[in-house]
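These are the structures in question, set out in turn.
The following pair of complexes shares a single chain, subunit A, combined with subunit B in the former and subunit C in the latter.
Showing the complex of A and B:
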């Protein structure tokens, strides 16, 4: 058993990479992930990537902001320091709609930035997780889990046949570990 | 993305049940108007008939105007996604001349018979020697007088109707000749139209609706009405497309097109709420009696309609269309669109009714035969005219330069 963990097919052209994906899928070889320097339309559907749950997270971050602000306003204007402003009720909801809206947006934005950093491991001071550096520059890379797909030579052939400029057998998952 | 083969010369056939139902609707409408105007001698019923006619006439004209606005925006933005659904707003834009004539007739007869706009159009309001002299109205008489009012109505809606006529004509020419000539012409005149439309719709709304309560004014009112007419038009476009699809037409419309329409309806419902609230908050906060009188009336005898308005036009689209899958679902989008269309009827209702009737115990507005009958009449008229305009030409502009992008639209 070899120590190879991942096989990377590196393409110079997005169309050739798409041919590569098609050939691998025809041969029932599961693809771990694909890295490209630019977005490619419709590739999520082709790879069967699950829909992001970021919108659900955004909703809950937002609703947290709404509740925080309304609670804060209630505590300040009714419980702690009731002041008569223009004869209105102490908890005059329309007055506080704009600020509630602002805090909803603020919590939502901060929450999403935090979620993004957490899910991509982009903490300050940590090296990013990159499988192939040139995928951030000019190469389109298909990554295949070598432990799950054991026919390494066949994979090499398929990738080369589709037009891969280079096929790497990596013994480490990420080239940039801390 | 495979190559699809659609029948691009497909044509809608306007026959059968829909045609009969729309004619039944028109007949009900005419009977209701006759009942309200000729078989009743009391003034309140006449006023109520005219108020309802103004409501539906305004709604009908606004939908046709905003459909024209939709076309202009698509051309100016050079939008590709909508190229295959443009025939639906075009069919609505084609009815703009008729809708404009109906609205001009309603406001004209309303002024003539003193059933509408009596806050500024009554004997002696501007005469300093008269016991009815009203200095506020006299100050506004330079703008709010019958001849200038009618001139504005004709000029505004006339200019929209001329553009609507040509933009649909160029699109039909494009079907025959192809090429980019029609598209470029549409682009150029759409730019001009948008400028005219943007500056005149607020005044159009001031004239038709805000001047019902001529002592009160709000600078947000024009945009508030613009938001209303625009979002209700988007919902009607969505309804027509979904119903056509359910009847087996327009197979090229996929759920990415619906997603775009859903986003539009969702976004502009929020925009409507924003404008509505911007108007409300300032009046509520400043609490000056000459401004609060508008909401005082609505809070005290139209409370139900006031809150129903917010539930239908803000809460329903917000909660039902927030999810991506809901925007892409034919049935949910259809239900929300119907809610929004009814919601803007309620919106116009609570804009118009408190202004037409005397405030207080003898207020003549309500919800009964007149409201239902006249609404059915205009729904029938709208269905009949739009669907017969739609049935005259193919359902897709087959030589539109961005058609392929629309047929392969994918989000």
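Showing the complex of A and C:
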């Protein structure tokens, strides 16, 4: 048994990479992940990445902002310190629409981006898990777990056949941990 | 992507032959990865002088108080609020480009959104400095926050547009920053993976561990779309609320319901003008002609003429309503603007904002870089005078003729304003050195569909309507980055 952990097929063109994914899947070879310098539309369905639920989260974060502002203003202007302005109602709702709107957006944006960072493990200073340094530049990289898929030569052939410029057999998962 | 080609009738968004993904990275990162050239240093030193002037003027203001400015008891608001509204207005284009144009699927936003958003953030910082520096006691700036006054029991006035403005500006700033930074992550990762040594360490921290895996990208796009969706009404709300600072008061000339749409159009107008002012220089100095093409310039000019005309209509509507309302105070305020002692400012505003942008109807002018650049500066000047006219000429002749007066700025007023321009350019020039000025990943996305080379390939393959091809080639004539002789052969 070799020490190879991951096989990387490095493509120079996104369409060729998509062919590579198709060929591997036709041969029942599971793909660990795909690293690209730009988003490739439609790829997530092929790799079984589920639909994002961030939109639902964003909605609830937004609603939280709305409720927070309305509650806060109510507490300030009605409960804590009501000011009589010519007998007008203390809770002057139309006046509070702009600030309620702003706080809705603020909570929504921060909640959304926070959840995104948390769900994809992005935070300042996190050690990058990079398998191929050129995957953020000009290469579209398919990573295959070599322990699960043992027919290494066949994988090489499939990747090359699809147009991979380079096939790497990496003995360590992430090259960025040096 | 595969099996779908963009119509040949659409003009290319990336010009040049044989552009590869690697070349895009290389060209966009070249100012970040190499030592700055002379042009950058000259610009930076000039900007730094401006920033120093700002520090001196604001420091002087803090030390001696607002009395250092040219304000008097009739005109209690002048260059400070003019500068504030001017900067907030300029800060509108960035989020407009990144959010609204994303929702409308305008791919040409991809190569200008990054620097436009950076410009937004720096412009809002400049605006925010005005808020703080016009407070008599800036160390108590936190009093605008909804804290019980002096931590006792009285709250800020939630009915006041100035408090709404605090919410609007801080939300706008922080949401724009989030939007911008999240979009930057993949590009910072690109710099990280090419760098070595200390640079690599620094960019590693700021790249948040970006890997470019399928899930990150999918979520990234979802986040961008939702952020665009919520930023669009946010952009519109910010200047609406800024306009309410004036519109909810009872000063003739300010007390009008037309203000929100009028201010928003003006903000977009001035924002795009500033984007053009900056990007025309950036594309030349950094050699980015292939990414920021004539199509981008012309599109922005079209937005300028649209919003400029909306502003023009608003000016005329204001005049009509001043007469039609039957309110003599309102009418006098406008008579005074047109023919009073500050008439020169009014006519400067009219010329710069309404008359000169009409020149952009001529294709020759809107596709001419020098003319566009000059006009963009004219618009910036005009929009500054718009705020000056609205603010100072409405105030200087108030209800009692005995308190009528003129306003003239002191050196401190001028210093704070000119200095804020210096602060803005200092930040912008630093941005150009440390972060990619064009969204690399987003430009790569459109390389296979909307570039000149992909269209060239389509033409060479044949199968296209000859008339369409002819029309496409004619549309390329205005591009300064396209070689016409390549098409002569076909």
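Going forward, the second predicted complex is superposed on the first by the 171 of 178 C-alpha atoms of A that agree within 3 Å, B and C clash if a C-alpha of one lies under 4 Å from a C-alpha of the other, contacts with A are read in each partner's own complex, and residues count from 1 in each chain.
Heads up, the rule we're going with is that a residue touches a chain if its C-beta (ideal position, glycine included) is under 8 Å from a C-beta of that chain, and two chains touch if they have at least 3 such contacts.
Here the structure is a predicted model, which means the values were calculated and not measured.
S.K.: Examine A:20 and indicate which partner it touches, taking first as subunit B and second as subunit C; both and neither are also allowed.
M.R.: Neither subunit B nor subunit C is touched by A:20.
S.K.: For A:41, decide between first (touching subunit B), second (touching subunit C), both and neither.
M.R.: both
S.K.: Now for A:55: first (subunit B), second (subunit C), both, or neither, which partner does it touch?
M.R.: Both partners, subunit B and subunit C.
S.K.: In the overlaid three-chain picture, which partner chain does A:98 touch, first (subunit B) or second (subunit C), both, or neither?
M.R.: After superposing on A, A:98 lies in contact with both subunit B and subunit C.
S.K.: Look at the residues of subunit A and decide whether subunit B or subunit C touches more of them.
M.R.: Looking at subunit B versus subunit C, the one contacting more residues of subunit A is C.
S.K.: Considering only the touch criterion stated at the top, classify A:86 as touching first (subunit B), second (subunit C), both, or neither.
M.R.: first
S.K.: Looking at A:9 after the superposition, I want to know if it touches subunit B, subunit C, both of them or none. Which is it: first, second, both, neither?
M.R.: neither
S.K.: Show me the subunit A residues, by the header's touch rule, that subunit B contacts in one structure and subunit C contacts in the other.
M.R.: Shared contact residues on subunit A (touching subunit B in one complex, subunit C in the other): 41-42, 55, 95, 98.
S.K.: Touching subunit A in the complex: which residues of subunit B?
M.R.: 1, 277, 280-281, 284-285, 287, 322-324, 410
S.K.: Contact residues on subunit A for subunit C in the complex?
M.R.: Residues in contact with subunit C: 12, 14-15, 18, 33-44, 47, 49, 52, 54-55, 58, 62, 72-73, 76-77, 80-81, 85, 92, 95-96, 98-99, 101-103, 105-106, 108-110, 112-113, 116-117, 119-130, 133-138.
S.K.: Subunit B touches which residues of subunit A in the complex?
M.R.: These residues of subunit A touch subunit B: 41-42, 55, 59, 86-88, 94-95, 97-98.
S.K.: If you look only at subunit C, which of its residues touch subunit A in the complex?
M.R.: 1-2, 20-22, 25, 146, 148, 153-155, 158-159, 161, 163-164, 167-168, 170-171, 174-175, 178-179, 182, 185-186, 189-190, 192-194, 204-223, 226-227, 230-231, 233-234, 237, 240-241, 244, 440-442, 444-445, 448
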